[in-house]
Every structure is written in structure tokens, then in C-alpha cells.
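You will see two complexes here that share chain A, one where it goes with chain B and one where it goes with chain C.
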Partner chain A sequence: MQIHRFKEHFAGYMFILPSLIGFTAFMLYPIIYSIFLSLMDWNMYQGFGGSTFVGLDNYLEVFKNEYFMGGLINNIKLLVFAVPILLMLALTLAHLLNSQVFGKGALRTVYFLPYITTITATAIVFAALFHEELGPVNGFLRSIGIENAPRWLGSVEWSLPTISIFWVWRNLGYCILIFLAGLQAISPSYYEAAEIDGASGIQKFFRITMPLVSPITFFLAVTMAIFSFSMFAEVKVMTEGGPGTSSYTIVYHIYKEAFERYDMGYASAASIIFFIIILAITTIQWLGQKKWVNY
Partner chain B sequence: MNNTLHGKPMVWKLINTVLLALISIIMIAPVLWMVSTSLKFESEVFNFPIQWIPESVTWDNYQKAFTEFPYLNWYFNTIRNTAIIVFSILLVSSMAGFAFAKIQFKGKNLIFIAYIASLMIPGEMRLIPQFMLYKELGLINTTWAVVLPWMLFVAFAIFLMKQAFTAVPDELIEAAKIDGCGYFKMYAVITLPLVKSTLVALGILSFTWGWNDYTAPLIYIQDIQKQVLTVGIASFKAQYASNYALQMAGATMALVPVILVYLIAQKYFTEGIAQSGIKG
Partner chain C sequence: MKRKALSILSSIILIAALLAGCSTNGNSGSTSQSGANGNKASNSTNNEGASGASFSGKIIIDPIGARHNNAFHEAIEVLRGMDKYKDVEISVLESTDDNIKTTPIKIAAGEQIDLIYNGNPLIQQSWADAGVIIPMDEQVKEKGLNIEETYGEYAKYAYSNEQAYGIPAGVTKWALYYNKSIFDKAGVDYPDPDVPMTWAEYRALAAKLTSGSGGDKVYGAIHLSWPMFWYGEAIMKLGGGEYFYNEEGLSNIEDPIFAHALQETYNMMYEAKSIPTYADIVTSKTEPQAFMNGKYGMFMQGTWLLNWAADKEQYPREWELGIAPMPVDEGTTPKNWGISGTFSMTPTTKNKTLALEIAVDVVRETAKLTSSEIYADQTVEQPNLFKSIADEIDDEQVTYEYLQKLFNNQETIFVSEKITGAKPTQYEELVKNEVELYFTQAQDLDKTISNIKERVDEMLQKGK
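Right after this comes the complex of A and B.
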């Protein structure tokens, strides 16, 4: 019996061994090493010997850095504007897709398609579509009589909104799909009862659909909040953070500091602050799941 | 829902369909514009109104992508990386998932909780220490730098596989044990075929992860010959900023494989995605 037990334990460890190595090397070690680096004025060329311990100096510097603060403000703008717009569009479209419609399958296929596309490929497509002088979007706006069309990626006011349009386009399908799964789980009897009571379509949407999908809305809000905070590829490909710092994000700032200026100590401190923000969002999810969600 | 009302449902159904179809055109338009532009001469790219079907078709842009850039290398590297990533995610996470679901061993729950907790760690936070690690190990500029983290540890995939194996009845495992069947055989021969649909869904998700991986190759691969498509086509924009037809040809060729896989296997895609949503 003892041998049998030992064999079972041993087998268990053997089966998880590769993932345990991966967990240690690519999760545990990086976290600990990040914390260590964030406390150092790290010299990339001389390594440990040429580096000095600076305590929390890097963290203080992060909050004083205008690029970081600019990125943080942009991330907050994305959170406040892009995420709610994305969720509202997704819920509306999911609701329409869930009602009586021809060609449901084909429509769903099309809506979901952007989500699987390679970011860099579609980012350069959007950059061309929104080209300030020649792009088809402004061509269209001019054709309907708008003379001062926005300069999109070329302007300080519009660069972040343009990136957000691309971001919403790409993530809409995912949110629709998750909402659809939630809507399909709502029992038709609620709607039937409401119809007997003479409820209108809009009433049904606000009184039945919205409350019943609120757990899903909440899940998506948190997922997309984290997603928007991690925005990087879109910025790198479409604007390089510009013009000026108008489309900087936190992760783009970390990337610049770490891999263009090789300021690893500072960048590590910034990435830990980034992690704490993400953790705060996740904690809100945990706590909020009970409070804000009406079943 | 409106079935009970007379006359109305048909009209609503039509209005709904038209509305959704119009919006779906906006969703697909960028992709169609990309394909159509890639076949145009540069001088005709921005003609307005948009010519969706090019007046004169040219394959020059495609040819140029291969001659001006190491596009064939990028293609090959992307396919190789994606193949390695898909295969190892399936193997490693199904093994771990099997162990977590069907084998009793010390510390199992603790390790699983640690794995799940790691889902909260943003990948961006790991880039810097990973870069330093790769530098120490001399892995910068090698494929390993890109594929190793995917090969060894994808927490979400392990979670998905654990769920699938949990659904396999314990009686099957017990019966196999009585027959003297070893754990490896139990995993590979008895239970693996039973979680086939999860494997397919995960395989397809992994394909998109591998194919669309951008940040890691951007940072860890500096030699343009060793680069992958995602980073390569972004460099089109930097080098040929005003050659849009060329950029679109590069983008089209990078997108075609993912879109094809999606169209063929979309049922599994949506299943995998829906499962990812349920975790919330």
C-alpha cells in the first residue's frame, strides 16, 4: 500500500514537472527578480557589480516621471471612455443577435472575426484607413460635407480616440460572444411573463435583460479594464506614443524605458506599480461580485 | 420572443437583420479594404470613392514583400514557432490537467492555487526579468526566447484541461488501476481521447496565441532574419511609410492563415472562448 501511494505521488509530480519548471522559471523567478531590480540602480552593461541599491528611489521617480503620468492618465481615459462604449455596443449587438434575425450564424462569424486577427496587421490597416489626408475615412467625411475632418493619429486630441476605435473594433466580437452566452442562459419564461403584463421591448431590455446579465457585464468590465491597461502593440504600431505623449500608455512607457534606454531598475519599479494597479482592479472584481451584481 | 404577436415579428426580424448586417459591414470592411488595396497600384490606393474591386490588379506588392524583406523567413519562423507552441501547450497542459484532476499527490491543491493565482500576473511584468534571464543564458536572438514560456507554462490552458479531465468519470480511472494500468497509459490511452473536444478548442486558441505573439519577438529577437510576421509587417510601416499597397500585401499574407483556420474551426473557437468567459 505504501509503495502504491508513493507511486501515485511520484506520478503526480512527473505529470506536472514541465509546468512546474515553467512556473518557477517564467512566473516565480521573474516576479522575485522584478522586485529586486526595482530596488536597484541597475547597470545593464556591468551587471550586479556596477549597480547600487537605491531603496524605493525608483518608485518615487516613477510618480515624478511625466511620461509615466501621461501614460497613466491615458490609461484612465481608456478605462472611462473606451471600456464602457465597448460594453454598451457589445450588449446591444448581442441582444439584437439573440433576438429574431436571419443568418445569425453568418453574422456572428463576421462580428467575431476581428478578435482573432493579428494586431499588427490590422493596426497598419487602421492607420491607413484613418490617414489624415488621403485615408478613406476622411474621404468619406469630406464627401458628406465635413470640411475640418479630424487629423486622427496625427493630432494630439485624436490619437488616443483613434487607437480606441481600433481597440473597440478588435475586442467587440469577444464581448458579444460572452454576452450571447449569458443571454442564452436567461429563461424565456421571464420574457413571456413580462409580455403577458404588457411590457414593451425596451422595458424588457432594461428590466429583465440588463439585471440578469449583470454578472457577465461585470466580468467583462474587469477583463476589458485589465486589457485596456495592458495596451501596447496598438500604440507601438500606430503612433509610437505620439504625437508628443498624447497616446502613451503605461506599458508603452515601460517598454521604452526598459528596452530602448535599458533603465531596468526604473522600468521594473514602473512594472510593479502597473501590476499593483491590475491587482487593484482584480480585487474590485472579487469584492464587487457580491455587492454590485443583481441576479 | 415575439412569436406570439401577429405580423410584427417578421417586420422586426427584417429590421434586426438589416441593422446587424449594416454594422457587420463596418466590422468586415477594414479586412476587405486591406485585401483589395494589396492588389492595387500605389497610385490608386486612396482613390475616393473606394474602389473595392481594383481596376487593374497587380501582384507586384506581394512580390515586393518577398524581395525587399525576408518575408519568407518570417513566414517560416512564424509557422515553426506556432507549431512548437501549439504542440507543447497541448502536451504540457493536458499532462498537468490530468494530474490535477485524477492523481492524488502532496501539495496538489497548493500548487494548483498558485497556478491559478498566476493568472493575475500581467505578462508585461515578466518581460524585463525574462530578458535578463535570456541574456544570462545566451538565448537572446533565438527562437527559445519566444517559445519557452509558452511551451512550459500557460496557466489558463492547464485550468481548461483540468476542467475537462475532471468531467471524466472516476470509475474509469479506478477500473484501469485495478487492471494494473500505469498512470501514463491511463492518461494517454484512456482519458485523452475523452477530452478531445477541449484539446481541439485549446489547440485552435493556442494557434492564434502563437501566430499573433508580438511583444516577446519584438523584444527578444533583434536579428530581422530571425523575426516573425507580426513584428516584420510592423516594420513595413516604419520603412515604407507611404507605400500602403505594400503594407497591405504584407498584412494580408500574415492574416490569411488565421482567418482560414478561424473560418474552418469557428465552432471550436467560440466554444473555447465561451469556456474562458465562464471562469469569471
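Right after this comes the complex of A and C.
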């Protein structure tokens, strides 16, 4: 009997072994190694012999670093403004695309296209659209009488909002697709019953659609919050953190410290703190979901 | 119980993996050790080009910025044909500009890179500080190489932290290039080919050449986001990038010439509107090759621009190129700025003696063959310099004789264009952050200067 159970367990472990090896090699080991590096003044060219143990010094440095703190504030702004706007817009558009709209197949493709297009190419096109003098966006604003149109990526006030607009536009297609899957899973009988009871379109949306897609909304809220915090390519391609440090993000700061200044100890400490911040935000979201997510 | 045993087993695997990781780094340390040992071994068997003996082994070169010069590749062929290298496999990596970022990571991972090209002193300094490149004093002494004699005025670029880190190679020297067609349309005389104009005259000229609006706008000049486009006037007056530091080793940014240079550049953007704004240049990702599209009257740039002017397939143009000396702060003595790139050894260089020998030889042989880029070796003639490139450009003023006179004028005062001193990359980044705010009208000039002073001084005085 015991031999049989052992065989059964052994077979089970064998099944999960490939993914366990992958997880250990590519996730767990790098995390543990990063924790180790974060406690060292690490010389990546001399290895352990050329490095010194500094305890929590790197962590203290992170909190004193103006670029990290600036990046953190910008990341929080993105989380607070860009993520809700993205989710609201995606749900609204998904709802429209789920109803009888002309050419909805083509529209779905159009919305999804930015998500699968190279970020460098899309960012350059976006920068051209928002060009201060020659861009069609400011051209339109001027045509409707707005003389002092924003300078978008070229101004301290507008650089982060412009990147946020780009980020929302780029991720919209993905969120719409996920919302659509959720919307299509809602049984039409709920809407039919509501109609018989005389519910209006808005009532149906808020009383039926919203609660029933709340697990999807929660999933997207968590993943998009993480994505917004991990923003790097958009910043690198569009502004390189500028003007000044107005569009710096934490990941961009970590990248610069690790791969331009080769300060792996500091960059690892910043990464660990970044991980803890994301973990805290996700935990808050998990705790909060009990109040509004209906499974 | 089994669960406990499994968790203990997992922990052991993880600890083993962690230690293996540490030992990998130990290995990379020992790679450089074994490099050193390998070096000694090869020394004992190969000993030295100078004594006539030959070398053996493999040399891997990452040329990064040096790859643009065809003469470098021709020089490698010359080296491959030399008797002393008949047993050496000289391998040149397929490099791109991205290698500036990727190659240091490969080196950290222990990949053999024997020689790497530092495009400018800032890169050399940051790589020297991080350990991407290693000092070569021992090998220089062993070879009996007199850096000062061999590389003359460019010898200073060999050093970082008072140690020899590189063999000076490609030299950048700048000039004022201009589009004759824009001058003709504006009815303005071309700049004097021999006597430099002053910065004030340059700015006035840029304003005169500016015309049109919107998509048809022609700017009198173009300044990229590269910082020397604003601080060039200051360092030219002061004597070079060393003057970013005062006598106490702190920031010298409060010297009034820096504020003057900043303000005049700002005025060109927002008052005369004779150059695109900084924000425009950054957000539209304007590359230096933009000058070739014919919408800019003047452009200060290094000799590499000659390659684009010669390449009429990639940069077709219907206008003639003109060249003038760089603007100066005062007087008629030509002044110029530039730097020299260098070839350096890395912690994964297998045979340091051989690597140094090849670095010196490749610089010398490139110097003999180079056409569009001055090379630092002063021990040989550079007979082809500007010869074939002038023929290829085929514009009236761009002749071999003129280019020789302009770039090899012994009277020209040559200053270093980069911030030259302690923590230059951090210094440059802080300056960039603050200047961007000024150029995008987010803060005024006084605040910009005082912020740079405060932040740079703090950075310089801080240990880390």
C-alpha cells in the first residue's frame, strides 16, 4: 500500500518537475540571488572576491535617492489615474463592441493592433501625433480655438500624462478582449428578465453587467496595476525620463543603475523594494476585492 | 514527514544553486585570473613582437564605434597578414551601437572580449570605474611603449584615474558644415573658409538663414540634445572639459560663461527660433543625419559627417556642402573641440601582452589607411586622410587640400569636448536633468545654475 502511494506521489512530482525546475532556475533563484546582491557592494566584474558586504546600506541609499523617490511618485500617479481610466474605457468599449455595432470585428482588430505592434514603432508614431507644432492633435486643438495647446512630451507638466495616454491606448485592446470574454459569458436571460421588469440600459449595465464582470475587472485591476508599475519601454523610447526627471519611473531608474552604472547591489536593493511595493498594492487589492467582486 | 523531507531537499537544492551562482562569479574572477595566468604562459612561450618572436592564440575585438571606419577593417586584414600574427586568430565581432550596453554584460558573464572600443572619455571613465576595462600600465611598461610620444596631444585620452586604460585611436574633430543652397536662397554670403566667425556672428547668421513656418520651416542651424551644443562655447573659451571643475575640484558651473552659453542657446530656440527647440529634438528623435535632409542651414559636427555627405545613395541631396572652421569666442585663431576613442583590455582578456600589441598595431595600421577619420598614432603618416572621401563627396569646396588645412591646422587650439574630471557621467546626467528643465521653460536660468552647482557639489563630495 505504502509502495503504491509512494509511486503515485513520485509520479506526481515527476509531472511537476519540469515546471519546478523552470520556476527554480528562472524565478526563485534570481530572486534569492538578487536579495544576496542587495546586501553587497557588488562588483560584477570581480565577483564575490571583489565585493564587500554592506548590510542594509543599499536599501537606505534607495530611500535617499531622488530619482527613485521621483520614480515612485510618478508610478503612483500612473496607478491612480491611468489604471482606472484604462479599465473604465475598456469596459465601456467592450460593452459597445458586445452589442450590435457595425463592423465590430474590424473594430476589435483595430483596438488590439497597438498591443501587438512593436513599442518603439508605436511610440514614435505617437510622439509624431503629439508633436507640439506639427502634430495633428495640437492642430485639432488649435482649430477649435485652443491657442496654448499642451507641449505634451516636451513639457514637465505633460510628459507623464502623455506617456499615460500612450500606455492606455496601447493596453486598451488587451483589456477590451478580456472584458469581451467576460461579457460574452453572461447569460442573456438576465438581461431579458431585467427588460421584462422594465430596467433601463444604464440600470442593466450597473446592476447586471458590472457585478458579473467584476472578477474580470479585478483580474485586470491587479495585472494592469503591476504593468503600470513596471513601465519602462514607454519611458525609455519616448522621453528617457525627461524633461528633467518628470517622467522617471522606478524600473527606468533600476535599469540605469544596473546597466549604465553597473551598480548591481543598489539596483538589486531597489528591485526588492519595488517588489515589496507591488506586493503591498496587490495585497490591498486582494483584501479590498471581498467588498466588490462577485464570484 | 515526507513533506518535511521534500522541503529540506528543496532547500538544499536552492542553497546549492545559490552557491553555484557564487562560484560562477568566482569563476569569472578566476577567468580573469586564468587570463592573467594565460598571459604569463603566453609570455614565456610567445614573447613579444619587439624581439621578433610570434604570438599565438585568439583575440576577440568588439569595435563598437570603430567599426564605421573601413580603414579599421582593412587594418585588421593587414594584421592578419603579418608574420608575427600568423598563429593568431584575430576575430572582430559584428558590432552595433547596442554593444555599448550588451558587451559589458557579456564580459561580466565571463565571455572573452580581449579588446573593446571606448567611443569617448566618459565611457572610458565609467567603464574604468565599474571594472569593465582594466589598466594596462604593466603591459605598456613591458612593451616599452611611450604613450606620450606615440600619441602626442591625444595621449591624455589613454588615462583614467591616473592609470593607462586605453590606446588612443579614432579622433573626432569638429567643423561647421553648411548647406550652400540655403545660404543662396537667403542671399547670405558663405562663411569664410579660413577665418572662424565668433559665436555671436554664428547666432546672427543662423537667424538670417531661418525662414518659413510649419512643415516648410528652414532653420538656420540645428543643435542636437548633445550637451556640447550648449556648453561648447563655454569650454572653448575656458580651455576644455576640465574646466567644469574649479580649483577645489567642485563644480565650476557658476563661471558666467556657462550661464551665457545656456542663455544664448535658449534664445536661439525661443527668440530667434533659428534652431529647433530641445523638446522637439528629443521627442522627434532627431538624429544627426537629419542635417542631410536639407532643412537646416548650418550644423556643427565631427568629421564623421563627411561619410554621410559621400553616401549619396543613402542621403541623396541636391545641394552642395560647405565647410568652415568652428565658431570661436574671440579673435581669429581657430579653435576646435573633440576627443579620442581608445581600445581597452577587459577582465576577460586572455593574453594581455598580445592584446596590447594588437591594439597598438591596429591603431597604427588604421592611421596609415584612414580616409575620413583622424587616427591618434603620431609615428606614421596618414597619407590617405581625406583623400578618397573628398573625391567621393565631389563638392567644390570639399577638397583634399582644404580638409587637410582645416583639420590638421597646427595653429588650431584643440580642447576636450567632454566633462573631464571626477564622476563625469554623473556630472553630465545632473547637468542634463537641470538644463532640460531650463530648455523646456520649466525653470529659469539662475535656478538652473544654482541647482547644478548644488547637486553636482553634493555628488562630488559624497562617497557614493
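List of remarks:
Note that the second predicted complex is superposed on the first by the 252 of 295 C-alpha atoms of A that agree within 3 Å, B and C clash if a C-alpha of one lies under 4 Å from a C-alpha of the other, contacts with A are read in each partner's own complex, and residues count from 1 in each chain.
Following the convention adopted for this analysis, a contact is a pair of C-beta atoms (placed from the backbone, for glycine too) under 8 Å apart; a residue touches a chain by one contact, two chains touch by 3 or more.
All values derive from a computational prediction rather than experimental measurement.
Counting the residues of chain A that each partner touches, chain B and chain C differ, and the larger count belongs to B. Using the contact criterion defined above for the overlaid structures, shared-chain residue A:43 touches chain C, although it does not reach chain B. In the superposition on chain A, A:267 contacts chain B only, with no contact to chain C. Applying the stated contact rule after C-alpha superposition, one finds that A:80 touches neither chain B nor chain C. Contact with chain C, but none with chain B, is seen for A:156 once the two complexes are overlaid on the shared chain.
In the superposition on chain A, A:34 makes contact with chain B only, not with chain C. Within the superposed three-chain model, A:185 lies out of touch with both chain B and chain C [touch as defined at top]. In the superposed pair of complexes, A:146 makes contact with neither chain B nor chain C. When the two complexes are overlaid on their common chain A, residue A:239 makes contact with chain C while staying clear of chain B.
Shared-chain residue A:131: touches chain B and chain C both. Looking at chain A, you'll find residues 9, 13, 25, 29, 33, 124, 127-128, 131, 134, 259 touch chain B in one structure and chain C in the other.
Within the complex formed with chain A, the residues of chain B that make contact are 1-2, 4, 9, 12-14, 16-17, 19-21, 23-24, 27-28, 30-31, 33-34, 37, 45-46, 48-50, 92-93, 95-96, 98-100, 103-106, 108, 111, 114-115, 118, 120-133, 148-149, 151-153, 158, 182-184, 187, 208, 211-212, 214-215, 218-219, 229-231, 233-234, 236-237, 244, 247-248, 250-252, 254-255, 258-259, 262-263, 266, 269-270, 273-274, 277-278, 280. Looking at the complex, you find that chain A touches chain C at residues 9, 13, 24-25, 28-29, 32-33, 36, 43-50, 61, 124, 127-128, 130-134, 151-156, 238-240, 242-246, 259-262. Chain contact summary for the complex, chain A toward chain B: residues 8-16, 18-23, 25-27, 29-31, 33-34, 37, 93, 96-97, 99-103, 107-114, 116-129, 131, 134-136, 139-140, 143, 169, 172-174, 177-178, 181, 188, 191-192, 195, 204, 215-216, 218-220, 222-223, 226, 230, 232-233, 236-237, 251, 254-255, 258-259, 264, 267-268, 271-272, 274-275, 278-279, 282. Residues 2, 6, 13-14, 17-18, 21-22, 24-29, 32, 101, 104-105, 107-108, 126, 130-132, 214-215, 277-280, 282-285, 347, 425, 432-434, 436-437, 439-442, 464 of chain C are the ones touching chain A in the complex.
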